[in-house]
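Each of the two complexes below includes subunit A, the first together with subunit B, the second together with subunit C.
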Partner chain A sequence: MTKEELTEYIKDNFSGEPEVIENDQPEPYFIVKAEDVVAFSRFIHDDPKLQMTFMMSLSGVDTGERYEIVYNICSYRLKHRVFFKTILNHEKPEVDTVLDIWPAANWYEREVWELFGITIRNHPNLTRFLLPEDWDEGFPMCKGWVGKDVIPFPERK
Partner chain B sequence: MAERLRTEEMIMNMGPQHPATHGVCRLILTIDGEVINDCVPVIGYLHRAIEKICENRTYAQCIPLLDRFEYVTSMSCNWAFALAAEKLTDLEIPERAEYLRVIMAELNRIASHLLCIGVTAMDLGALTPFLYTFREREFILDLFEMTCGQRLTYNYIWVGGVSKDIPPEFIPKCREFLDIIDEKCDDYEKILTKNPIWLVRNKGIGIIPEKMVHDYAISGPSARASGVNFDIRKHDSYGVYDRFDFDVPVFFGCDCYDRYRARMAEMRQSARIIRQALDQMSDGPVRAKVTMNFKPKPGEVYSRIENSRGEMGIYLVSDGTKKPFRMRARGGSYNHLMAIPEITRGLKIADLVALFASLDIILPEIDR
Partner chain C sequence: MGIIKKLPVYAEKIPGGGLVTTSLNSAFTLTQAKSLWYFLFGTACCAIELMATGASRYDFDRLGMIFRASPRQSDLLIVAGTITLKMAPVVKRLYEQMAEPRYVLAMGGCAIGGGPFYYDSYAVLKGIDKIIPVDVYVPGCPPRPEALLQGCLEVGKKIRTLKMDDWS
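Let's turn to the complex of A and B:
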């Protein structure tokens, strides 16, 4: 399916209301509400016309005002891909795990929890793994984070 | 008699400094005699925070960091980042640069597979194939040294092209290499493919069924050895890969042996691509006009390329300044190591070494 057909198909057949973002990238782009993430994931994973079984990447982003979690999913059989994200506020960043749908999300979600401080509900094993076990300097991937012994890199003229 | 023997589980550490873990990785094994009941990988020993550092560097300064992301195939890592930045910049890449990128990435793929096969053989107790594969790998590293002065971290593929043109003696030397590589592959196959010890250690070991490939997002040769016909170069083409005629070797054994065969077949295909690229390449500039502190337009992009160990993806967010707002690198080994606890259940410790080597896991890519 082309990008337009894919966008139409997902919009028509998914019961929630994902917001479509137009851009010049080869894959469709959606913004999904945090409470819809699991339902949306289940839909694109199980639908016989989509079969998005391959999780390419899951990344957290801190824009300064809000958190975003970006899911990049592709289909091995049908060779198309989709890009969707969910937006979380700074006060209570919480999202449900998609571990049951894509087991590959396991470490990606742990990383998002560890480096951004976003709570992943129902994740069975949220423990430190990239940072030292006695780490107490907050969430290093957040914007504006400064560590105890960070030396700023000289600006290029 | 046997059922009356009482056995007890034992916890054993494999690593962090274990030669078979190809880096610094610790595996906490719960074993019952020789059989592994559970395996917990502990990572983070090599964490260098590349993603965070990139947020404080300009795009041109990020490229050498990406070299360190995965030092065995740095050319592909450079390329993945350059591709992502170019998608946000609308740059016209000169045709010669595109061909040079293909040649370098494919040479690097051969070098990486040679390393993988040699090291797998060494982990399983055969030292000779390692010496042979490194002899040919040396040839490729000489070619890279000739091109950009480096043997491991190249900083060669830049945003907008490549850093410099190849010297005139590169092409004859490269053709010389292509003339021998098929023959050398036959030699390795003579040593390994029908070797009884190799067969016993690899055949039927570390089965990854197709469903697990999908679930754990296993990619690259390891996925193609489990019957998944997917190659980003073919099915989501980038660069000038659509101009070449090459096959995607797919095997259905799902075991360590077929992963070895997939790599072997891939090396021959890479040589085929380089031959066509050398024939089609014409003269011209190798770098688009782009300043050191260029500013891409705001936006976000996920670009991916076929690395020698699987999908290499870069998710890049730009806010219109000269530095990336967020950079996220995804490497194939990350998912492969994630799947290891599931694959190893019931395997013997010695088979874990074969499995680890056949998946070609490399730790800097996981820790970043």
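Let's turn to the complex of A and C:
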């Protein structure tokens, strides 16, 4: 399917209302509400016309005002891709796990939890694996985070 | 090392024993310096250069340097690469597992002082000399194989200057 067909198909057939982000990339890009993430994932994974069975990447973003989680999904069989993201507020960043849909999400979600402090609900094993075990300085990927041992880059003259 | 360490103490007491001691010392340090087995410890890009140095073109073997995969069999720890805070306890433990006498060579900017990750990094140890003693530093990012070879020769030179009593 082409980008336009994919966008239309997903918008027509998914019960929630994903917002479309216009871009000039070859993939459609959606914003999905945090409570819809699992339903949307299940839909694009199971639908026979989409068959998005492969998770390429899952990444966290902190823009300063809000958190985002970006999912990059593709289908090897039908050779198309779709990107979607969900927006979380700073007060209570929480999202459900997509681990049972794409097992590859396991470590990505742990990483997002560890480095951004976004809670992943229903994740079976949310434990540290990137930072030292006795780490207690918060979430280093967040905007404005300053650790006690970090030496800031000097200003360029 | 126990008996060898005691040997000069006994030998020095008999007439002409000093001669024996110095010759022995020379022999022991020479053999040590000429067969430095090193522990393969590459954690980042510098490891590629370490491998290149060990391979046939630059050929560590001609210096009597053979890599070992176990710290218990090696004399020299070449730390080649970035050491993250998570890796730091592992480096320390491996160093402690090496049999004495043991030497450490810090290879590349990362092992010396954090290298390109000195500023704005939450995860990188700023130099392995914060956790273990270092004998020779080889700067570069990464150092050329020639530089690493020179560094190993420097370790050898350092060993030649040691007295047998220094070997603890």
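Just so we're on the same page, the second predicted complex is superposed on the first by the 153 of 157 C-alpha atoms of A that agree within 3 Å, B and C clash if a C-alpha of one lies under 4 Å from a C-alpha of the other, contacts with A are read in each partner's own complex, and residues count from 1 in each chain.
To be clear about the criterion, contacts are C-beta pairs under 8 Å (C-beta built on N, C-alpha and C of every residue); 3 or more make two chains touch, one makes a residue touch a chain.
Source: prediction; values computed, not measured.
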| item | value |
| --- | --- |
| Which partner, subunit B or subunit C, touches more subunit A residues | B |
| Touched partner set for A:Lys79, first subunit B, second subunit C, both or neither | first |
| Partner chain in contact with A:Phe153 - subunit B first, subunit C second, else both or neither | both |
| Contacts of A:Val20 with subunit B and subunit C, given as first, second, both or neither | neither |
| Partner chain(s) touched by A:Ile31 [first = subunit B, second = subunit C, both, neither] | neither |
| Contacts of A:Phe54 with subunit B and subunit C, given as first, second, both or neither | first |
| Touching both subunit C and subunit B, counted on subunit A across the two superposed complexes | 130-132, 140, 152-153 |
| In the complex with subunit B, residue positions of subunit A that touch it | 23, 25-27, 53-57, 59, 61-63, 70, 72, 76, 79, 81, 83, 102-104, 106-107, 129-132, 140-141, 152-153, 156 |
| List of subunit C residues in touch with subunit A within their complex | 85-86, 88, 118-123, 126 |
| Complex contacts: residues of subunit B adjacent to subunit A | 42-44, 47, 49, 51-52, 56-58, 61, 87, 213-217, 219, 223, 228, 230, 235-236, 292-293, 299-302, 304, 311, 313, 315, 317, 325-326, 328, 330, 334-335, 338, 367 |
| For the subunit A and subunit C complex, residues of the former touching the latter | 130-133, 137, 140, 145, 147, 149-154 |
